[in-house]
Structures are given as structure tokens and as C-alpha cells.
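Chain nomenclature is as follows: A, B and C, assigned in order of appearance, with residue numbering initiated at 1 for each chain independently.
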Amino acid sequence: MNFKSKVALGAAATITAALLSGTAMAEPKVLMLHQWASGNDAASIAKLGEMFTAKGGTWEQTAIAGHTANTLAKLRADVVAGNAPAAVQLKGPEIAQWAATGGTADMDELATTEGWDAVVAPELLPVMKPQGKWVAAPMNIHRINWIWGNKAAMESVGVAELPKTWADFNAACDKAIAGGKVCLAHFSADWSDATTFETVVYGQDIDLYRKAFVEGDVDALRSPEMIKAFDQMKLMVSKYMDPAIAGRDYDTAANMMSNGDALFYIMGDWELGRLVSLGKTPGSDILCGQSPTDWDGNGFILNSDSVVFFNQNNPDFQEGQKLLASTILSPEFQTVFNIAKGSIPARLDVDLTQGFNACQQQSQAELKGSIEGGTLVRSMAHNMTVLQKYRGAMMDLITEFVNSPEMTSEEAANLMADGVEAQM
Amino acid sequence: MSDATISSAPALDLEAGRAGRRHLISRIVIYGLLTFFAIIYLMPLWVVFFNSFRPLAEISANGLIAFPQSFRLDAWPQAWSEFCIGGQCAGMQRYFWNSIMMVVPATIISTAMGAITGYVLSKWKFRGSEIVFGMMLLGVFMPGQIALLPWAFILGKIGLANSVYGLVLVHCIQGLAFTTLFCRNYFVGIPDDLVKAARIDGAGFWRIFYRIILPISPPILIVTVIWQFTGIWNEYLFGVVLNSGANQPITAALVALSMSGTTVRTYDVMSAAVLIGALPPLLVYFFGGKYFVRGLTQGAIK
Amino acid sequence: MSSAGYAAMAGGNSFWEKLKSWTPIFVIAPAVVASFVYVFVFSGWTMYISLSDSTLLPTYGFKGLENYASLWANRRWGVAYSNLFFFSGIFVLTTMAVGLLLALLLDQKIRAESFWRTMYMYPLAVSFIVTGTVWQWLYNPTGGIQFLVQSMGWTDFEFALTTDRKNAIWAIIITGIWQSAGFTMALFLAGLRSVDGDIIKAASIDGASTFRIYRKVILPSITPIFLAVAVVQLQSAIKTFDLAVALTNSGPGISTTFPATYVYDLMFQRGQIGEGAAAAMMILAALAVVLVPYSMYLGWRRRREVVHV
């Protein structure tokens, strides 16, 4: 090697070193805004923080408890102040809305390198890349259409298995009442009422669900099929739930089922985390199954938590966003996080035989079945379909219906359609 | 208490000889009613206070309203330094100090500015000063939701977004309407001749303020300070929305407690936390309350 | 007298003296400017936004009155507005009645007056968030008042206001009264104490009974205070927010939605900043309906007093 090339090599080395140290000097940092302020949720998000820190990042978070409005108000105030947080827990159509404002970061480069398109559940892709570019990283897939049953309580009134159809459900409930039990544990809040109602609509008529709750079609909201769904809901509220649903909290409702006062509970799979912490074994003493459907095959109402990235000027935060996104989509995080939270990984290539329980394994199998059968839908109640203004109008009406014995199903369907129409 | 001596009550004892029995009955009725209202008023405080010493198991067994069967202090240190709020298990402590850092300067500055503005608007009137006063007064009625986004924008522009100083600024300006109103109405009652005489003696703007106005202002300044202190301490909308994470005031923590969605309610620790959050303004009221009515008499309502 | 007039009186003619005569204006200028920005720029901005196409973030495309039309077509807004009327009416009247009663009781030369007074006034020091949280416990059917009375033996007793759609607003009314009757009491007491003692003495020497003196002499002379208290309470009713959020969070269903909570929901939860701003303007309009006549009355009274003096 001659002197010249030695110099050239040395220079190249120096430049490379400088470049390397340059990137090394950008310390990955992130400030994440989310609403998982307590309990299981907080524990799950703390795991993300730990993994992020272990990979050399500096983790900071703002957890805003309570109403989603507080989180969104905070986000809006930060964006208006020109101080957008690096990462925000946001979901559904809001991701598209924020992407349309031009404030979100482009994560395509990382997505291509890591091949996200190939592994993430296809139903999530339009949500995470609303304008064709990745702006968000999905953390999990929650299933909404679960029915949980207390096996001992069911046996005590002569119900052998979880109801498959709404007719089965009503029959089982009549047995429960005859046996002196509450059939369906419930607590009334806009989101829990809407959760139950959307499983009814979905189970009765999947096309109606799509038209009304995914497309926000006013005629579908007003249709005789919707009135029929309200009839079923009315029956459940007036007869199969107990009268004290208003003002009860999530815990009390969940306990009613797990301690056997009530037979069933219709609730998303975050319920699993609770059951495990109560020392129950999901799948044996507490049964889990697809909420009733009047059609055959697997059904899946999907909800997904995701983290959206907002444009940052500081290279430390840009690095931090990449590291965070990569961490979130890593199979390790998807496993650890979802075991704790009750949901299943947003990546379909994660093996659930290790650490996940029977219900979670069932969830993943039925998700795949549902994708094949063309029955997979996103959840309206959990803000995965229509814009907030339409969803708000629907939820207002549904929760009002649950709390108003004198409102008829026809009135409810018409008022819901009017409410949505007023927002158009 | 000197207040009793300025009572407007007609001298009931004049009638005492004629209707001693009627007097006794009316006394019983008066104290009976006072006691009845006092019980209603004290009940919530009593409930939280006792619950902060009752073990959780006992609360769930005997209900929220009951005398303690056993006594333990654990809830207090837990609420202060261990309780998990907003994903961080460091208790109310840091929120408490944030609130102190916010409320002390904001109260002092807004009271001082209100006193000076009220002084000018009452004793150094200029053309249009009544209109200026009227317009400033409108600030009293502004709903907070309107101001939220504009404040976020302004604080972002001047680099005070997400800081305790930002909240100090917001509260100073929002409080001006109240502090100016209180002080101006009080100062109007000070005879103009006092000021005129001082001017003839050659006293200037500031001298008159320090030598004549301030020495007779404590009653209204106390009202203003109580008003501002409790108002700022208890405000939550701006605290939650404008600040995040480590910079939030104590009301943000209280909101987080009151709406802790899907977790078990730890009533004992929550009770202690609620009391910690309410303590400073309560102390201010307990010690300053007696000046409040007197100050109001002299200034605020006109 | 104007400050310029004072300067002339002092006989100063130099530039320095002139500058000094402007001191008061310089001194209050920052406070006045800040207040004006707060009141006029903020509400002007909100008004413009209410006419704009803003959704997720404030934007400035003009779309006229559409937001208002959509707001008034909304059922929940109807619920909010009728709640506001119902709540305001009862809240204002009851806080005034309770406040006046307490003030009259305290005015009877009672022992340890400041002790009693402090008890009725301490809720004022507590935030609506704390009040809401604690009262929520009291209303809780499975641990609060209902549970207490039932466990004392009256098993049919029902007191579950917050969980009953039709009665939940009463929970907010009762809690609101508990929180702010102390304030009306303080204002009334201040009023009673400001009545000229000589008039009262004269009346009692004439042999009038206590009741008569209150009815004929004291209360009539504090009518302006009644009006002031009513206005103060009414404007705080119109702005009701914290309490409704902490106590019922607009539920059960949408039954306890208030205009201010709905504004917040629209602007922040639902990403309809334009319509939220329109709702906020309606709150301002409601405030104006209360305040404009009141300030006109105050102006009229002031002029009349000047004439009389």
C-alpha cells in the first residue's frame, strides 16, 4: 500500500469515524403522551419504557388519566404551541386526520428496512398508513367481541356452554333469571354501552354493521334491522342486566361475573389481564368465546392501540422516534406487552404458544379465520371507524337509550340517524 | 371577634324582660338551625378525613360513611410519596410543590398589579378610565374553554409552553379582572381629599400609594389574596392541558385520581390525597376567613 | 380630576413633569393591554373560529353560520341548554335562599360567630374536583348515603341520584349549593353589616319587632346586593364545568351535559373546533343576556344617585 492510498484510507477512516460519532452523538430521546395512567395499562407501558431505555434511549412520558378529551386537548394545545410531542397514543381515524394536517412524521424508511407491511395484520395497514406512508406503529390487536362466562355459575343454572347465537343467549339468560342470577354483568358508560350494542349489531347482521358503523350510512342507522338490534339491546338492559348498571364502575361489573353473581360479561380482552390478576384461569373456570353471532364462522371486531409520531426538529428526538417505533414492532415487545395487556400482537408472525393463555391463542386463530372469511371489522365503540363527531353522536344516543326505559327502538334508531346527519 | 359588635341585629335583649321565654325558644331555633347546617356542611370533610385512616378492607365492608373501627396512618405517606399517578409512582409530592411554585408568585403578582391598577382607576382617573375599568371587568366572565387554545399558542410563541412560569403568566392575567375589581372598589371609598392634600404637600404617584393607600388596604388585600390563592390552586383545566408530565399542578393529579378508569379504587389513599390537595387553600380560609367578610363589606360588593 | 389636571395644578411645565403626569397610564398600560388581549382578542378569535371550517386544529377557511346550524340541530346541545336553564334557576334561587338564611342566623349576635361562619365557608376553599370526587362517594349507592341508611335498617331507602338519568342533575344542584351557599352567605352578611346602625336603632326604639325590622328596614336597603348576588351566581352557573365533569361526567347517558362541558367535548374530544367555538359563543351570548341588562341597571342607579346627592 502506497503512501497516497494510506492517506486516503486514513482520511476515509477519519470521516467515517466522524460520521459514526455524529450519529452516536444524537442520543435517542422520546417524550410519549398517552392515557394509560393506571393499573395494568400503566404496567404495560412501563415495559415499553424499560425496553426503550435498555436500547439506549432516554424515556419520558406524560400520562393523562381519565377522559380521552384530556389527552386530545393536551395534544392540540401542544401542537398549537408548536411543541408537538414526539410520540402520542392515538388511534383509528384520528391518525388519518392528523396525518392530513401534515404534522406527522414519515416512518417509511424504517418500515421498509424492517418489512412492516409483510408482518402487520392487513386490516391495520390503512389505519397506520393513511396516506400511503407509515406514520404510526401498532402495539396490539384487541378483540372486542368476547363473551366471558363464569363456568360454575353457568352450571348452577343449567347452562352448559357459552351461547353461540343471540337466541341461545336469550335462552341462557332466561335460565339464569329462573336460577336467581343476573345474566349479564354490565356497567353503563358511553363506551361500555356502545361496546355491547356493537356486538349485538355485528352478531345479528354484519352488513348492517359495516354500513352503519363503518361507513356511517344514515339509512342503515334508521333501518328496520337497526330497530331489531335496539330491540335485543332493550331486552338485555331491561331483563338480563340488573337495574344498578348506571353509576357502577368497571371493576364492580367485572367482579360480578368473576365471583359468579352474573353468568356472562361482554367486554374486550383487556378483561383478561384483570382475570389473571384475580387468580382466575381464563379458558377453564372463566370461559371465553366469540360473542353471539346469528351467522356461522369466525367473527372479529378489532381494536388496536397505536403510537403516532409527530415531526420533530431535534435530531435526538428523530432518532428516538425510530428507536421507539422499532422497539414497538419488535416481536419481543409485542410479546411482553400483550401477555400483560390481554390483547394479541399486531404482528401476525408472533408465536403465541409461549406465555400467552388459551383465550389469546383462540383470539389469534379466530382473527386469521375471520380474515379468511371476510368477517373482520374494526370497532366503532373503540374509535376505529368513523370520525369522532359521528361516533360521538352514535355513542350519545346508545348510552341515552340504555338509560331511558321509555325510549322505543324506533325512536332510538331515528334519533341516532338524525344525530349523525346533523354532523354532516 | 369584633364582628359581633358591628352586628346589625336589633337588640333582642331589650325585649328580654317582656318575653324571656320567647327569647329562649328563638335562641334554640337559631342554634338548632346553625347546627343542622353545620352537620351537612361538615359531613363530606368528615367522610374523607376518617376514610384516610381506615383500612381499605374496612371501607369496602362498612361503606364509605362510617366511624373508623381501626386506625392506621399508612395512607398518608403513600399518598404523599408512593401512590402511582400518571404512570409515575411518586405520590402527590411533586405536584404539590409545582402548585406552590405556581400559586405563590401568581398570587403576589396578580394582587400587586390589581392594587396598582385599582389605585390608578380610582385615584388617578383619566379620560376613558371608567370604560377601561368596565372592559377589564369583562375578564371576570370569560369561560376558560375559550381561552385554552389562544393561551397554548401564546405560551408556545414566547417559549413558556409546558412550564410552571407559563401557568403563572396565565393566572396573573386572568386574575387581573378580579384583583382590579376588588381593589378599585375599595379605593373608591378612600376620600379624594386625602390624596389631594398629599399632592399639595408634594407627594408623587408612588409616594401616595405607599404612604396613604397601602397602609389602609390590608382588609382588601387579604380578600384578594384569599381569592387568588384558592382560585389558582384549585384551577384544573389549564393545569392539565397546558402542562405535562413533571410540570403539572396538583389538580392534575386529583383529576387523575378521580377518574382512574379501570382500576380498583383505593379509597383510603385517595382520601389522604384529596386532603393533601385541599389543605393549603383550607388553611388559608381557616386563618384568613374572618377577614373575608369584613373585606367584602368594605370593598368587593359595590 | 384627570392626571393631566393634577400636573397643571402642580404647576410643572418641563418635559419631566409632563412625563411624570403620564406615570399612572404607563404604570397600568401592561395590565390593561394584557386584559384587553385576554378579553377581546381571545373572544374575537373564538368568534372567527366559530365561522371557520376548523376541525382538528384551528384553520381559517370561512364557512359562515354552518357550525351554528349544526350545533342547534344537535340533540345533545338541546339537552345541554335545557339543563342550563333548569340548573341555573334552581341553583341561583336556592343558593340565595340558603345563603340569606345562614346570614340572618349569623346576624343574631350568636356566640362564636367566626367558628360557625368558617364551617359554612370552607367549601369555598375546596376545588370542584375535590368536591365532585367526594360527593360522588356520598352518592355512590353501594357505599355512600344509600348504603348507610340501608345498613341502619331502612332497607328500602333509595338515594342514588348520580345513577338515575332523570335525577342526576339534582346531584349537581345539591353539591353546587353545598359548595357555594357559603359565598352568598358571606355577601349577604357583608350587606347586612353595611346597613346604617342608626336606622335600625331608631326602628327598634319605635318598638318594631325583629322580624318587622328585617322585613321593612334592613332587607329593602340591601336590594342591590340581592341583584349582585343573583348575577354572580348566574354567571357561575352558566360556566358550570368542573363540577359536572367530576361528579357525573355528563352521564348517565347524556343527561347532565352542560354547555361548557359540551364545548370542551366538541373542541377537544371530537375534533370539531369550529362547532365547539360556536357553542362557546352561545355561552358568551347567554352571559351577555345576564350582564348587559345588569350593567345598564347599575349605570342607571349610579346616575340616579348622582342626581339625588
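We take it that a residue touches a chain if its C-beta (ideal position, glycine included) is under 8 Å from a C-beta of that chain, and two chains touch if they have at least 3 such contacts.
From a predicted model like this one, the values you see are computed outputs, not experimental measurements.
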Quiz item: By mean C-alpha coordinates, which chain is most distant from subunit B?
Solution: A
Quiz item: For the chain pairs B-C and A-C, which is connected through the larger number of C-beta pairs in contact?
Solution: B-C
Exercise. Could you give the separation in Å between the centres of subunit A and subunit C, each centre being the mean of its C-alpha atoms?
Key: 41
Exercise. State, to the nearest whole Å, the distance from the C-alpha centre of subunit B to the C-alpha centre of subunit C.
Key: 15
Self-check item: Touching two or more other chains - residues of subunit B
Solution: 148-149, 241, 255, 257-259
Self-check item: Junction residues of subunit C - those touching two or more other chains
Solution: 58, 140, 249, 264, 267-268
Self-check item: Shared interface positions of subunit A, touching two or more other chains
Solution: 67, 70, 73, 76, 80
Quiz item: subunit A touches which residues of subunit B in the complex?
Solution: 84-88, 148-149, 152-153, 155-157, 161-162, 240-242, 244-245, 255-265
Self-check item: subunit A to subunit C touching residues, read off their complex
Solution: 67-70, 72-73, 76, 79-80, 94, 97-98, 100-101, 188-190, 244, 246-248, 252, 387-389, 392-393, 396-397, 399-404, 415, 418-419, 422-423
Quiz item: Quick one: in the complex, what on subunit A touches subunit B?
Solution: 31, 33-34, 36-42, 45-46, 60-67, 70, 73-74, 76-78, 80-83, 85, 249-251, 270, 274
Quiz item: Can you name the residues of subunit B that touch subunit C in the complex?
Solution: 1, 3-4, 6-12, 14, 30-31, 33-34, 37-38, 40-45, 47-48, 59-60, 62-66, 113, 116-117, 120-121, 124-127, 132, 134-136, 138-150, 173-174, 176-177, 180, 199, 204-205, 230, 233-237, 241, 251, 254-255, 257-259, 267, 270, 274, 277-278, 281-282, 284-286, 289-290, 292-294, 296-297, 300-301
Self-check item: Residue numbers on subunit C that touch subunit A, as the complex places them
Solution: 55-58, 70, 73-76, 139-142, 160, 162-165, 245, 249, 251-255, 264-265, 267-272, 275
